[in-house]
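The next part holds the structures, each set out as structure tokens.
After this come two complexes, each holding subunit A, first together with subunit B and then together with subunit C.
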Partner chain A sequence: MTAIDLAAAGTGQAAPKEPLRRQRRLSVERIAQWAFLAPAVIYIGLFFGYPIVKNVVMSFQDYTTKTFFTGEAPWVGFANYVSVIKNSLFSTTLINTGLFTVGSIVGQFVIGMALALFFKRRFPLSGVLRSLLLLPWLLPLIASSAVWKWILDQDSGILNQALLFLHVTPAAIPWLSSPNVALISVILVNIWLGIPFNATILYGGLQGIPEEQYEAAALDGATGWKAFRYVTWPNLRPVVSVVLVLGVVYTLKVLDIILGLTGGGPANATQTLATNSYQQSFVVFSFGTGAAISNILIVISLVFTVVYLRLNRRAIDE
Partner chain B sequence: MKQTKTRQLPYTVLGIVFLAIMLFPVYWMVNTSLQSGPAAVNATLIPLHPTFVAYQQAISEQLGNMGTSLAVAVGTVIFTLLVATPAAYALAKFRLRWVGLVMLALLISQMIPGIVIANALYTAYNDLGLLNSIPGLILADATTSIPFAILILRAFMESIPPSLVEAARVDGAGHWRAFWSIVVPVSRNSIITAGLFSFLFAWSDFVFAVTLTTSATVRPVTLGIYTYLTANIQSWAPVMATAALASIPAIIFLVFAQRYIAAGALGGAVK
Partner chain C sequence: MKTIRIVAALAVAALVPIGLAACSPTTKAAPSASHLDLTVEDYFQAPQVDVYNKIYATCAAAEGDTVTATHVPGASLISKVLQQSSSKTLPDVLMLDNPDVQQIASSGALSPLKNYGITGKGVSPGVLSAGTYKGDLYGLAPAVNSLALFYNKDILSAAGITPPKTWAELTTDAKALTTPDHYGFAFSGINTYEGTWQFMPWMWSNGGSEKNINTSQTAGALALLTDLVKAGSASASVDSWAQSDVDNQFIAGKAAMMENGPWQIPSLTAVSSLHWGYVPLPTRTADQTSQAPLGGETFNVTNTGDKAKQAAAGKLVACINNAKNAGAIATANLYIPSNEAAAAAFGKANPDLAGFAKIIADARARTALLGADWPTAATKIYTAEQLSLTGKAAPDAALAQAQSGN
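Here is the complex of A and B:
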């Protein structure tokens, strides 16, 4: 709303010499135009602006279930942050978040890229197969988590049954119940989820590379791996950056998969910043601590967002 | 011609193998859901004796939750399109100040983790009485769909030739008339894309379901699945049946609206 007022006021001041009627019509025009944007701006303010500010405020308060009854949330300064960082769990969640993100991104990207290159050669049914590949990406994450929890079940899951049948492993692997294996399992499931997205975007990028460049490179003797190295990769760089940065930002906030598969366990082996923030706020009901953790998560996300925006701008400029 | 086809056959076979591996979990979900022994622990590789017992149980336990999810998803689609379509048009076509700032806010908003929003909304919703309510979930779920929809729609609307709208404007139509009678019909395809994805986002939402509902009165089906997962699972068949039922919208959209889904998959990330 203030934006509309400001815009109207701005035009009024900027053109004092204009005839009054034209001036009024201009500001009416401006208001009409801003009316298109106003609902979205108000919504963004209420559902993004407010939560971010509220989170920062809460992180400096002792905000618990008691607050809902008494309305009191005493200021505690940086006490929430100190207690979060001093907690031995913090380094665990930070390392887990890093491993989960890097592992997921590397796996998704490499396999996604391989599939994108594979589908670039058009062959019978390639279009149908490529679009069906999107399915894992479209399913509700919690439904996928349920299926994977069943597949990875230690005693009767199909994966262990198959591995035992083929004598790949002498004993059933505790995919989700061993602290040593659980994080790897969760990463593998997240890779599976991310492959369609990576493959689709990279495939789109590959389509944008002019065929003449490959023909010219082939004349110079660059085929196969060399063509990828000298033609595909340089052309694909902007798309690759966007895919990687978006992948990092999306992976940092993953909650469904981890809560569905392991609930952050066993023994916090799969606890990340996002799940820990959830746990603090909605299991322990210590909203101040939860807010402090999620603010740390926001800062990390924002670093990557800035990288993304700079890449995006460069991509637009080019 | 025939020769190239036979030469390409190995690729088709390989492609089918890749797809089979990627879609195996989906197959396994359906396969398990059709088998219902007393324990259903040892599922066979194919449903030799398919039964819908698990679906009966899933429906009897989750029908209400699916209704909630449907109401939330449809509400989110309507709300998202009402807010996002005019905004996308303004961002694409009007020369307004702060357009850059709004675009920046939209890009950043896509990066904000849902748990951050949920954390703050919980306390606000508690005061406003929006916890455990369908409007509360719709408003929260729109945090995913509105930025996405605006970016998708704006990308398309930028390509609408100005002459199209100007012709109507010269005939005396106001901005809203021109918007409704020209821009919306022309943008039909991208509006469908935005709507389908808004539906899927809201239908699949878990973060807001698990944080902004505290009772069984308003419980989306995603939370129904999660409740199964947190308990000690005796039989996987009803869980898989529920997961399969929850996957129906995604499957329907992919099969019958593949064009729109593919457009959204590409447009959402690059633009």
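Here is the complex of A and C:
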């Protein structure tokens, strides 16, 4: 510092101009920085910020069909939340959402992991089979749920026909028409749908594990299950945490597959927070209550997102 | 009542951000005193849509106007209307399914038809009550439909059974008609307004009311349907069947009788090997009157504030509802004209529909008692039906739970 000051003093006149120019250069730089930021800020504000703020505001209003014409939505405070939580359906939907998410994630992850490990070995046609695995992902959800609805039909569905033919069950299973079975059926279909996501990401993670580690482990006597436990699993941990947390957030908000299969029924047996929010907003047209439910859902998702960010940071730190 | 398609509903859910008012790209032509371009919005699809397009065009041409019709998918109509309400881009003439009229009228989006000299004289009282909100007529349906008991003539005559007239007969007949190949009876008990619509005849005929469903009359109606499923005379899958599924079961010969409406008749006549007939839905005792719900689409004038266009829209609604056009609409949809005199003549000319002309005369509007509060009640009704059909609760307990728990 002192050296520079001395130099500046030595040059005399040039000294006061220098910081000015630097300042100007700085402000131009600042403007350029903001200009680069602006599209992203505007985009996020418009497409993420506004809907979330609007949704929160809406949940405190009596927002009905009338509101659309008159623009009037009376402020009702926490009344929407109170009516949602007091409703006997709330605990049902909360439990269903939990069961649906846990069941789907466990099934998707275990099967996805098994398939990823299986496809790690190269064998004839493994590439073709691996791409076939993506099929559930490529089909439009509405189409696949309609087909699943036929497959699971109690009287003439192919699944029951096959099970009866093979004498696996004594009587037709009411896959979608019994409240005791419907949630399981919906979870099974969602597992089918989620396998490609899990298998693909985990397969990618497996590719990143250096082969030498397995060779070294094999020399130490770790093969098969032990190799998985001590080589694959620790190396795959960061990928696993990403898959699980993203899986939870995606599964919590699943709407289409449930609407397509059961519409939340029978007797609300497959009603989740997401389907109930849809029901309140777009069927009963009670948009305030629908917004309240969706906010509760967003808070639950947010908790998992925070967990995800934490895990991610830890993975980077490591 | 048209079948509600989840596909369309989902598409709407994905496309309509709740609070954002979409901008309609329509550009308004310069107003001229003599010539107006009116907009009409409905949910009709091929083949009926051609009939409506022709009627709109002819009616508008008679006044020297032109018309632009938009046809949206059935399940997305209301969402679209709400969007248009908030962006002030409502069409001049709006078609609405009759149970939605009061709710949309309560929002202020519709203009009373009396302003345009439409009184609905000669139209059956049920149809008028469907389109009336707080004493004013807002929507008028040129033609309407309802529900009846369809039966497979071959299966019934082979079993020596005539179509049932009472609940007791329905129960015994359905049981007798159930074989490993087919069920005796099929209906839709799905958890949507379709399920509610199909429950109304049983509830109303037995004296039940949508104002309070926790009554012995409604419990009796629910017990009838629940016992049919319990006895195996109807499939346990009725709790997930829409009306189109019920129709498919009947066509496939998997149900000897079904509850359904006249709009399914084309699908029945398309199968030449199928011999079918229909009668009014049975009542608990022979002296009760079968009361079926009224279905059908009303035409409404919207509150756009453009006096000249609203007057022209009023004329268009009146013209769509005139006897000739009502007849054409009834023929295209297999509906019954809502004008009582026209209905009688129509029944004579269309023997397939003569029975429905009689059913319509006693039909009731779903919104007649509750108006804009109907959706809440309708949700309670299908909730109770689902609880009972699936055995989660006894009929009376299911109704009590649904009535209080909302």
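In this text, the second predicted complex is superposed on the first by the 272 of 318 C-alpha atoms of A that agree within 3 Å, B and C clash if a C-alpha of one lies under 4 Å from a C-alpha of the other, contacts with A are read in each partner's own complex, and residues count from 1 in each chain.
The rule is short, and it goes like this: a contact is a pair of C-beta atoms (placed from the backbone, for glycine too) under 8 Å apart; a residue touches a chain by one contact, two chains touch by 3 or more.
Fair warning: this is a prediction, and the values are worked out from it, not measured in the lab.
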Clash or fit (per the criteria above) of subunit B with subunit C on subunit A: clash
Which of subunit B and subunit C A:A216 touches, first, second, both or neither: neither
First, second, both or neither for A:V168, with subunit B first and subunit C second: neither
First (subunit B), second (subunit C), both or neither touched by A:I195: first
Partner chain in contact with A:A291 - subunit B first, subunit C second, else both or neither: both
Which of subunit B and subunit C A:S156 touches, first, second, both or neither: both
First (subunit B), second (subunit C), both or neither touched by A:G263: both
Partner chain(s) touched by A:S281 [first = subunit B, second = subunit C, both, neither]: both
Winner by number of subunit A residues touched, once subunit B and subunit C are compared: B
Touched partner set for A:F119, first subunit B, second subunit C, both or neither: first
Partner chain in contact with A:L133 - subunit B first, subunit C second, else both or neither: first
Colliding stretch - subunit B into subunit C, listed as 186-194, 222-230 or 258-266: 222-230
Overlapping contact positions on subunit A, where the subunit C interface meets the subunit B interface: 51, 54-55, 58, 67-68, 142, 146, 149, 153, 155-156, 255-256, 259-260, 263, 278, 281-282, 287, 290-291
Of all residues in subunit B, those that touch subunit A in their complex: 5, 8-9, 11-12, 14-16, 18-19, 22-23, 25-26, 28-29, 32, 41-43, 82-84, 86-87, 89-91, 94, 96-98, 102, 104-124, 126, 139-140, 142-143, 146-147, 150, 174-176, 179, 200, 203-204, 206-207, 210-211, 222, 225-226, 228-230, 236, 239-240, 242-244, 246-247, 250-251, 253-254, 258, 261-262, 265-266, 269-270
Sites on subunit A touched by subunit B in the complex: 3, 7, 10, 30, 32-37, 39-41, 43-44, 47-48, 50-52, 54-55, 58, 63, 67-68, 115, 118-119, 121, 123-126, 129, 131-151, 153, 155-156, 158, 192, 195-197, 200-201, 204, 239, 242-243, 246, 249, 252-253, 255-256, 259-260, 263, 274, 277-278, 281-282, 287, 290-291, 294-295, 297-298, 301-302, 304-305, 308-309, 312
Contact footprint of subunit C on subunit A as seen in their complex: 51, 54-55, 58, 64-71, 87-89, 142, 146, 149, 153-156, 174, 176-179, 255-256, 259-260, 262-269, 278, 281-285, 287, 290-291
Interfacial residue positions of subunit C with respect to subunit A in the complex: 6-7, 9-10, 12-13, 17-20, 78-79, 82-83, 85-86, 103-104, 106-109, 190-193, 235-240, 254, 303, 375-376, 379, 383, 386-387, 389-390, 392, 401, 405-406
